[in-house]
Amino acid sequence: MGVPPARRTSGMWGKALLRLVFALALPAVLVALWWAASAGSTNVYWPPLRTVFGVFPDVWTGERLRGDVLPSVLRLAAGYTAAAVAGVALGTVIGSWRRVRALCEPVLEFLRAVPPPVLVPVIMLFAGIGDTMKIAVIASGCVWPVLLNTVEGVRAVDPVLAETARSYGITGVARLRDVVLRSASPQIFAGLRQALSIGIILMVISEMFAAGNGLGFTIVQFQRGFAIPDMWTGILLLGLLGFLLSVLFGLAERRVLGWYHGLRASGRRSP
Amino acid sequence: MLDVQGLHKVYEGSGRRTEAVRDLTFSVAAGELVCLVGPSGCGKTTLLKCVGGLLAPTAGEVRLAGRPVDGPPPGMAFVFQEYGRSLFPWMRVGQNVELPLKQKRLSRQRRRALVADALESVGLADAAGAYPWQLSGGMQQRVAIARALAYEPEVLLMDEPFAAVDAQTRAELEDLVRRLWRERGITILFVTHDIDEAVYLGERVLVLSASPTVVREQLKVDLPDQRDQLHTRVNPRFAELRTRVYEQVQAAKRGR
Amino acid sequence: GSSDPGGKDTAGPSGGTTTVKVGVVPVLDVAPVYLGEKQGFYADRGLELELVPAQGGAAIVPGVISGQFQFGFSNTTSLLVARSKNVPVKAVANGAASTGEDGADFAAITVGKGSPLTSAKQLEGKKAAVNTLNNVCDTSIRESVRKDGGDPSKVEFVEMPFDRMPAALDGGQVDAACTPEPALATVKAAGGKEIASNFHDVSPDLTVAMYFTSQQFAGKNPDLVKKFREATAESLKYADSHPEEVRQILTTYTKIPATLLEKLTLPRYPAEPDRASIERLAELGERDGLFEKAPNLDELLP
Amino acid sequence: MRGSDAALGAAGCAVFVLLGEAVPRLGLVDEDHFPPACRIAGALGRELSDTAFWSALGDTLTGWALGLAIAVSAGVVAGVVISVVPYLREVTASTIEFLRPIPSVALIPLAVLLYGTELRSVLLLVGYAAFWQVLIQVLYGVRDVDPVAEETARSYGLGGWARVRHVLWPTALPYVMTGVRLAAAVALILAVTAELVIGAPGLGARIAVAQTSQAVPEMYALIVVTGVLGLLINVGTRAVERRALAWHQSVRGEVAV
Amino acid sequence: MLDVQGLHKVYEGSGRRTEAVRDLTFSVAAGELVCLVGPSGCGKTTLLKCVGGLLAPTAGEVRLAGRPVDGPPPGMAFVFQEYGRSLFPWMRVGQNVELPLKQKRLSRQRRRALVADALESVGLADAAGAYPWQLSGGMQQRVAIARALAYEPEVLLMDEPFAAVDAQTRAELEDLVRRLWRERGITILFVTHDIDEAVYLGERVLVLSASPTVVREQLKVDLPDQRDQLHTRVNPRFAELRTRVYEQVQAAKRGR
């Protein structure tokens, strides 16, 4: 009595199309607005969008893509991964033991409040000025949302689930892997998503210091060199990069949190 | 096997103080099946959690096989009253049943067999691939039971395990529990609200008073060891016992 | 906010005096305006200064362009670059200049303690720290290397703020650095050495920085600009002849430690920018690719 | 219990300070560039006795508090509206993901262009950065509503607003609290950074002066001040959380036993 | 009052497709009390949710008072099988009961009275200030019942509402429901696994088949309107009816 397969596939295409329309509609409107608002602008810092679009292909093709965007993305990947691992690991420990939390939290909160632009020089003292430093800067910023969300997620594990695990002798690594982290995963993912955009932001900040290449470096150079339309293309590219990464992130999330989406959706009127 | 001595439990927090259990003393022999009945809120779950090492008593002591319980003892399985919340929503039914077995370091093959067996015995053989939240309440409860059975425990603590299943399934599960108990010599502590069930299943029925709780009565169930749904339930002794328990529960409830 | 550069909201006359906001970088170079303000040179002309310290051009230039600041302070190369990109900046007064003494300038290429480097030529294949790439520091270092007979294209430049340079030299992260005061004195105090006076090498009278406004503002408020220029020229002159007062005024808007204060080499504060040196700087900038075409100095200079 | 927590926290801080003293003393880094804790403390003492410092602190806190208030209220309202109105989430998703990674530092010229070095400039940067933190947490939090609770509310005829208020909001609250804690730090960071770069008055501007002046201990002293501010802010949010989330497992789970 | 026509419901998602309800057709008159029994997992909850407008049927229609149901109708109260999760953990018991009343815009005084009354009638007068998670399972379930009763609904849908309470309390609650039903003329749809309960409570008992579900039998309960725990349950007609229902449930379960 199910839906015939032919209709189901066409439905699938329809859904994909609808998703595309959803994804593009608002950006299209915004771009149109920006285009119209900036059309006659003579302000150097606020160039017409047409000019920005015009220089975009020249700026971001070939050598720049390989020489600036790629290294940046690699550093981002390294820093983000380091932050994710450290954040989840540390968060689990801190969230599981109240005393550890009481011990660490003040220091962590202290560190968290130090602005990256003043933190970078300090990191430079220890990590030099190479890629290590940049990765450390990215990681040092990304780690917070992951850490905080992990701590809260771990603290909020359903007591009945925790007791179930305990009563069946599920302890140690198995408890961590099969119970605590899974239960906290919706919140951890919230943190990971936050961290993604923060990572991009810190990628830019880290490249404002002692860099020779990179997306952030290039944008800052454009800004200093008063190549304002080029700078705007850089900002657009950052946005695009963020969007692209979030799409990838969404795919990963859908895999890992499939159960959760199913569970939460089971209360909606029409499935 | 199991010794509960002067158990006392007070819950405190969020502006409330509840003396759930005042003073419980009883013991359960190895391989015995004891049913617990008592008014709603009298502390049965509390007692079971203390016995299972999940809750620290305020005073008194629980000893299992001579050793004081201060954490869940190995070889113990627990079927929670909140069956729905005790299943891991991120695992499919099969995985839920299998997880504790992994902890026991059984071979993959053995685990498979145990899981399939347990699910089969609660009538859920074809639900192994579903997520718990895709099942009905009664099915979820049976998954929780299957998990406990597959674990092959020595001590089995069950907190109203059949509350959500239909009469027919319930009868079948009762027989299943009795069979396993006889075959494997498990020690079982069984909480139920169904007085017929308590008498039908138990070797002994413990009636608890209303909160703050003490043991109101211990009743030996002197029915033949071999029981079945048809004959045992019409046995005049069965009727006597169930009336007796019913009176006690009624008195316990009024007695507060 | 409006992009009207009239500065009406803040620059409006109030009881005969006009308040002008000046975006400055809190370094030695701007001591004369602080001093001039204290001496009343601006007040004499009906100007009340509001000096807003900012980190650099990123904040000051857009502020001036949009009229949030009436005047700003910037290094000359940045102004040249801006001009070459048709950013409507207009220099109005001189800022600071090289001392004109080789080996005793207020900025120098320095190396850390125990470094084997002794001359600019040896920078080939080495790492040199500059505060911003494609700006006066690397242009002038290249010139020093060139003058010393080396190949400037072999120097690797690394960007970092001046204040991090002493640490980077000590840590061996860079081999040399373009250090103006007070970084220069810090390096020297830590045992580092000067190996060349890069600003001096561009021109002994190099105009390192200037005060500027936006073309629009200059066009609409010629009087105000004139007053500011005169007051600044007077301040510069005064500062040049009262170095002790300059050191004194530094303590009010910087936190330069007292131990360094006496050791600082002050820049010169000529009243007028040195056009020849700026032309030289533009030439070098064009050569190093800072801009495709050297900007029209007539448009830039007062 | 609260007292022993505070003692533990103090112990953690003490270890951190000792580390700050030991690392330069042992020569792991140069004292000139990373002064030992006692020298920072000395500089801090000088700062604290300077009235200009206090007015700078006031400026920073004003920018922080206003910016955070704007970001949190906007983030919560936007997050709830986006989740509640059908299809709005799908429509806005791409735009949100596009805008989020745009760094506030890249917006500095724009901010200065619009508002110069006024407070509004700082607010723009602070608000922009902190808004996203709250928004994302709200979006994830709203999704966490238990289907049975939602069905209960619907079956009793709770209307849209009542459901938001009584079901959605309490469910999302733990997420929102985390969002506020994240945003509070980000707002502080951006307030200081904005002051540092564009020179709006405040702690950041003082840090910039200390940096360009090679006054290393003073610079670290000011950084310590921002860190301590962050710490105090966290103590505040934790206190709020203990009251607002008394019912939640994360809080009650640690009270009991 | 209530018309269910050709109701069909298929669950799909997470790699599973379950035809929960195949074809249900029945109707309930205004002011009738109908009990639903059926094997575990046969679709009783699904049916109830469709009737309550919480779930959209895949096919078929539900009409309430002539109007098709496409959302929770006003004046309806629902007691969920997952009683624990249907209580808001952030509200105290009193607030939980009061919330729907607020929605009804009753005066504060009236709300107070209703809440106190309802809690009193389920025996939880002194638990008003506790959080739901501070209560035992049976107490939580009674809070959920109290909430439904305080709401003074016209249509009451109850999904195994007494599963977690003791025998004595259960009897009292049964009488409470029957009394309210008689006094207020509410229409009640009551899901239970306890066959005695179904017969004792209902005017009619609907027996559902195993999944995929159809109506297996509709049984009119021709016991006197005035029922009580002592006399009704020993009535020979009662015994006949319950045997009949039991057989049907047994057959339904085997029949899959």
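Note that the chains take the letters A, B, C, D and E in the order they are written out, and that residue 1 is the start of every chain.
The rule we apply is simple: a residue touches a chain if its C-beta (ideal position, glycine included) is under 8 Å from a C-beta of that chain, and two chains touch if they have at least 3 such contacts.
Worth saying up front: this structure is predicted, and the values here are computed from it rather than measured.
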Chains touching both chain A and chain C, listed by label: D
Taking each chain's C-alpha mean as its centre, the one farthest from chain E: C
Two chains joined by the most C-beta pairs in contact, as defined above: A-D
Euclidean distance of C-alpha centroids - chain C vs chain E, Å: 82
Between chain A and chain D, centroid-to-centroid distance (C-alpha), Å: 18
Centroid distance [mean C-alpha coordinates] between chain B and chain A, Å: 47
Numbers and ranges of chain C residues touching at least 2 other chains: 3, 58, 61-62, 65-66, 161, 163, 167, 171
Overlap residues in chain E, where contacts from two or more other chains coincide: 11, 13-14, 53-54, 71, 82, 85, 131
For chain D, residues contacting two or more additional chains: 33, 109-110, 113, 146, 148, 151, 196-197, 211, 219, 247-248, 252
Contact pairs between chains, per stated definition: A-B, A-C, A-D, A-E, B-D, B-E, C-D, D-E
Of chain D, residues touching chain E in the complex: 146, 148-149, 151-152, 154-159, 162, 166-167, 170, 173, 247-248, 252
Touch list for chain A against partner chain C, complex: 43-45, 121, 124-125, 128-129, 208-212, 221, 223-228
Chain A residues touching chain B - in the complex, by the definition given at the top: 158, 160-161, 163-164, 166-171, 174, 178-179, 182-183, 185, 259-260, 262-263, 266
Chain D-facing residues of chain B, complex: 11-14, 56
In the complex with chain D, residue positions of chain C that touch it: 1, 3, 21, 23, 25-27, 52-56, 58-59, 61-63, 65-66, 68-69, 161-163, 166-167, 170-171, 182-183, 185-186, 190, 253-257, 260
